[in-house]
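In the two assemblies presented below, chain A is common to both, partnered first by chain B and then by chain C.
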Partner chain A sequence: MSGLSRHIETLSALLLAVIWISPLVFAFWAAFHTTSDAVSFDLTAPWTLDNFRIAWAGAPWLQYFLNTFLLVTIILIGQFIVTTLAGFAFAQVRFPGRDVVFILVLMQLFILPEVLIVENYVMVSRLGLFDTLLGVGMPYMASAFGIFLMRQAFKGVPIELHEAARVEGCGWFGILWRVYVPLARPTYLAYALVSVSTHWNNFLWPLIVTNSPDTRPLTVGLSIFAAPENGVDISVISAATMMSVAPLLIAFLVFQRQFVQAFLRAGIK
Partner chain B sequence: MTDPFVHVDDVAKRWKGQLGVEGITLSIPRGSFVALLGPSGCGKSTTLRLLSGLELPDEGRIHIDGRDVTTAAPSERNLSMVFQSYALFPHLSVAENVVFGLKVRRVGAAERREKLRRALEITGLLGYEARKPGELSGGQRQRVALARAIVANQPLCLMDEPLSNLDAKLRASVRKDIKKLQVDLGITVIYVTHDQTEAMSMADMVVLMKDGHIQQTGAPEDLYYRPANTFVAEFVGAPPMALLDGAAVPGFERAAKVGLRAESLRVAEAGQGRLTCRVSECEFLGSETFVGLTHPAANGLTVSMPGLKHIPPGEKLEIDFADEDLHFFDAKGNRVGHPDTATA
Partner chain C sequence: MANNVNIEYRRQAIYGWLLLSPAAILLTAFAFYPSIATFWTSLFSRGTRRRPSEFVGGENYSDLFADPTFWKVVTNNLIYAGATIPISIAIALGMALWANSKIPARGFVRTAYFTPTVLPMIAAANLWLFFYTPGLGVLDQIGSLFGLPSVNWLGQPETALWAVIIVTIWKEAGFFMIFYLAALQTIPEDLKEAADIEGASRFTYTRRIVLPLLMPTTLFIMVNALINSVKLIDHLFILTKGGPNDASKLILYYIWEMAFAFFDAPQAAAMTILVLVVLGVVAGIKFTILDKRTHYQ
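Then we have the complex of A and B:
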C-alpha cells in the first residue's frame, strides 16, 4: 500500500516535471535545428548554430544584456538600502505609529504592480526619468515584501547582541552595519535571488517606460525581435530566447545548492 | 576616605506603573568586587542595566568615577559588560569579537593587536583567534566574553550571571579565574548572581535584594553573622538560618523571632536539651550530615552532625544551643540587638 502510493507520488512528480520543462526543452531543440527540422521533430536531423548567428545579428543584444544587468543591479542595490533601513526601523526602533505605518506598508503586498502602471508612468515622467534605467527600476525599490522579510530577519537577532554592541560604543548605524546586516546574510541572499529573477524577467513595465535600444532590457528587446512583423521563424526566436535566459539559467544550475540552502536558512530563522 | 567610584543615589525604575527597583542607594569603592544577590525577579539585573545605561532611571542619580552619568549612553560610561548569554557575535571570529569595541572606537591596528594578544593570553585563549563562537565549548565562549570585557582596560566591569550557563565543576574554577582577574587588573566588578555561594566566595561586598529593594549591603561575613532581617537570615548560608518563635525559646519570649544557624546547634542528651524536635530527614554531604528537624514553633531547623548518620524520621531529638549564638528579630522581621529592645 505505502509502496504503491510512493510510486504514484514519484510518477506524478516526474510527470509534472516533464510538463513543466517541455517548453524549455523544445526551445532548446528548436534553437539548434533548422525550422523545418524543429517542427517535424526529426531526431536524426543535423544540429546547427546558424539560428544563433542570425538572431545575434538581428538586434543589439549586447546592449540589451548590459541594460538588463544594470537594471537588476540598480534595483537590487536600491532595494537593499531601502529594505534594510525600513526593516530595521520597523524591527528595532520605537517610534509612535510604528505598527500603523507597518500595516500600510504591508497593504502594498495586496496591490498588483500592474494596477499602478499608469500612476507610475505619470510619476516617472514627472521626475524626468522616462526612458532611463533608473526610471525602470525605481518603482520596485521600496519593496514591501523586502521590508517585511528584513524586519523578520532583524527581529530574530538576539537583543543581547544589540546591547553588547551599544556598550562597546556603536551608534544606531554601527549596530545595523556591524551586527544586523551580517547576521541577516542568508535572508539577503534569498531575497536577492527572488529580486534578480523577477526583474530579469519583468516585461510589461519596462516595455511601457523604455523607448530606445539604449535602455531596453532583454525581455523587451526579445519581444520586439520576435514581433510578427519581422516574420515568425520559430528556430531563430528560440535561439534568441535561449540567449536571453542563458545567464540566469546557468547561474541557477551552478549555484543551485547554495540557493536552496539560503532559502532554508532564511526560513528557519 | 575618597569619594566612592560608583555612587547610586536613591534610584528607581518602574515599567508602566509596575515596580522594577526603588530606593537603590549604593556606594562602591574603586577596585572592589560587588555582588548583587537575590532571587529571580528581585531587580538585581535591572540595577545592573541601570548602571550600564541600557535602561535609564525614572528617579535618582548615578555617578561613575565622579561623573554624573544618569542619562549618559552606555558607551560614554567607560565600562564593559559580560552578558548571561555571552552575546558573542556569531559571524565574527574570536579575535574580531574581542577587538570589536576597539575597532568601533577606532583604535589603531598595532595597538589593537597588542591588546588582543594580552587579553587572549590572560584568558588562556591564544591559538583560538580564528575560531567562530559556534566552534567553541561553553567555557571557552565564556572566556571570550571575559576577554572582550577586559581588552579595553575599562575600570568598571558589569557581569550579568556570567556563570549560569556552565556546569557545576567549571563554574567553581571560572569563579576563581574571575576573582583573580579582578584582583590582578585592579578593576571594579559588579556581579549579578542568584547563587549565594558565588556571591559569598567572590565578593568584597554583597548587596542582597528582594522585590526591587535592597535588603542589606555589606561584607559577606556581615550578611552571614549579622543578617539585617529575617529574609537575609533565611537567604544567606547553606543550610539557611532557622527561625523560631520567640515564645518557644525559654528566656527570650519577648523577641518575635529567634534565629539559629545549624553550626550553633548541638545534639543533647535526653532530658538535657533546650528544645525537643522530631527528625524529618537526613542529608549526607560526606564530612557531615545535615539532620532536618521539625518543631511546631520553628522553621528550617537543621543540625549538622559529623560523618554519616542515619536517624529514622520521626525520632525524637533534643538540641542545645548557647545564648550568644542567637539572633533576634522584631515583629516586622528586622534585626534587634536584644529581645528586650524588640518590644521597646
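Then we have the complex of A and C:
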C-alpha cells in the first residue's frame, strides 16, 4: 500500500468534508457580517449582531419555536402510544387477520402522507382541526415505520419474562408497561431522535394546514420570512436560518454519537 | 378443555384488535380512506358555482396526458430521480469508505458529511441561495476569479433543475452514508486478513468483497432514494418555485400548485393517483423480489 495514494485519499476525504460544510460556514459568516462585508469575504471585516436583531424583530420567532416544540412533542407522544400498542399486538398477540393487517400497515410506508396532501387536508378540515397543531400532527401518529420498529423490539423480548410477569399476576397492560416498554428503551430513544428531527424539519404539510402565526412551525415561518417578495437581504436571511437551525444543530453536535447510533438503529431493520 | 382454548383464542383476538384500534383508525383516516377518496375525486369534474361537479370517468386523466406541463414535470422528475439516486448513493459510498478508514480527523470528516441531514430542507435552500445568487453569490465570485461571466443559476431553464438537484444530493448523501457505515462495520475482520494473506490489493478487496457485501444496503438505500425523489421538494419553494418556465418543477410541487394555488382538486387527484401507482409498483418490487434476495443478510 503506497503512502502516496493514502495521502491522496485522506486529502480527498478532507476536501469533500470541507465542501460539504461550506454552505453552513458561509451562512454562519454572512449572519455575523453586514451584507457588503459578507459578499466581499474580507476576513478582517468587523463582526456584528445586527442581522440577528433585524431578523428577530421581523417575525414572531418565539411563537414559531414554541409551535415547533409543541408540534414535535404532540407527535412524539401520539406516536409512542399508537406504535407501542400496535407493535405489541403484532409482536405478541395472536389474532385472526394479523398478517393481512400487518401488510396493510407496511403499505403505508409507500403511501406517503406527503402525497395525500389534498385529501388529508379535506379530512383535517372536516375534523375541525384546520390550523391547529393537532391537525398538523395527526397524520403522522400512526407511523408504519414506528409500528414496524416497535414490533421488532418487542419480538426480541424473551418470552420467559412475559410468562413470569403473568404468573406474578400482571394483566396484559401491566406486562406491556413493566416488561416490554422498559426493555425497548433504546429503540424508543432511537425512534424519538429520528421522529423529532424529521418533524422539526417538516415543511409541506404544515404549510398547507397552518394559516396563522399562532400555529405556524419554524420551517414555514422561515420560508415566509425569507421569501424574495419580502426583499430581506442575504445576511439577515442567513441570520434567521442560523437561528432556526441552531437548537437542532447544537443538540446534534453535542449528542453526535447517540444521534448517529439512533439513525443507524432506525435504519437497520 | 377445548372450551378453554377457545375462550383464550377469542380473548387474544379481542386484545389484538383493541391494541390495534388507535393505529387502525388513524391509518384509515389518513392513509387508506384518503387514497380511495383521491381516486374517487379524480373521476369527477371540477365543480364551479354554475356547474356542479359531475362524473367524467377518465377525463381528468386524459386532460392530464394532453397537458404539456404535465409531461414537462414528469420529465423533470425523471431527471431528478435519475441524477439524485445514483450520484447520492455513489457519494454516500465514498464517504462511508473514507469515514470508516483510518484517516486523520475522522471525527470531523464524519460530522461534516452528516450535518446536512439534521437541517430542514428550507434552511438548506436558504444556505444554497447564498451560493447561487447572481453577482453576489459564492459560485459567481469563485467564477469571477477565473474570469468567468456571472451566471443566474436559478433563473435560467438550463441550470435551474440542476441547481435543485445539487441541493438534494448535498442533503441526502450524508444520510445514506450512515447506512453504509453500519453495514461496513458488520463485515468481519478475517475477510480483510484473508485478502491480505492472498496478496489482494485494497482496491481488489473493496471491489470483490466489500461492494458485494454492501449490496443489500444499496438496495435498501435505493428504495429510500426513490421515495425521496418524489418527496423532497421543499427547497423548490425557496429556490425556484418550479420556474423559470416550469424548468425545475417536480410532480409533488405541481400537485400542490394544482390543488392549493389553482384550486383544481380533480386534476391534482388524478396526478396523485398516478404517483401512488408508481409507488405501489416500487413497494411490490421491494416486498417480493428484493426482500427475498436479501435474506442472507
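To be clear about the criterion, the second predicted complex is superposed on the first by the 242 of 269 C-alpha atoms of A that agree within 3 Å, B and C clash if a C-alpha of one lies under 4 Å from a C-alpha of the other, contacts with A are read in each partner's own complex, and residues count from 1 in each chain.
By definition in this document, contacts are C-beta pairs under 8 Å (C-beta built on N, C-alpha and C of every residue); 3 or more make two chains touch, one makes a residue touch a chain.
Bear in mind that the values here come from a model prediction, so they are computed numbers and not experimental data.
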item	value
Most chain A residues touched (candidates chain B, chain C)	C
Touching partner for A:Leu49 - first (chain B), second (chain C), both, neither	neither
Touched partner set for A:Ile250, first chain B, second chain C, both or neither	neither
First (chain B), second (chain C), both or neither touched by A:Leu15	neither
Partner chain in contact with A:Val179 - chain B first, chain C second, else both or neither	first
Chain B versus chain C as contact partner of A:Thr83, first or second or both or neither	second
Touching partner for A:Arg166 - first (chain B), second (chain C), both, neither	first
Common interface positions of chain A, toward chain B and toward chain C	none
Contacting residues of chain A [partner chain B, same complex]	158, 160-161, 163-170, 174, 178-179, 182-183, 185
Chain A-facing residues of chain B, complex	52-54, 73-75, 79-81, 83-85, 87, 89-92, 100-101, 104-105, 148
Residue numbers on chain C that touch chain A, as the complex places them	9, 12-17, 19-20, 22-27, 29-35, 37-38, 41, 91, 94-95, 98-99, 101, 103-105, 108-124, 126-131, 133, 136, 138, 141, 170, 174-175, 178-179, 181-182, 201-202, 220, 227, 230-231, 233-234, 237-238, 252, 255-256, 259-260, 265, 268-269, 272, 275-276, 279-280, 282-283, 287
Of chain A, residues touching chain C in the complex	1, 9-10, 12-14, 16-18, 20-24, 26-27, 30, 39, 41, 81-83, 85-86, 88-90, 93-96, 98, 101, 104-123, 138-139, 141-142, 144, 147, 172, 197, 200-204, 207-208, 218-219, 222-223, 226, 234, 237-238, 240-241, 244-245, 248-249, 252-253, 256, 259-260, 263-264, 267-268
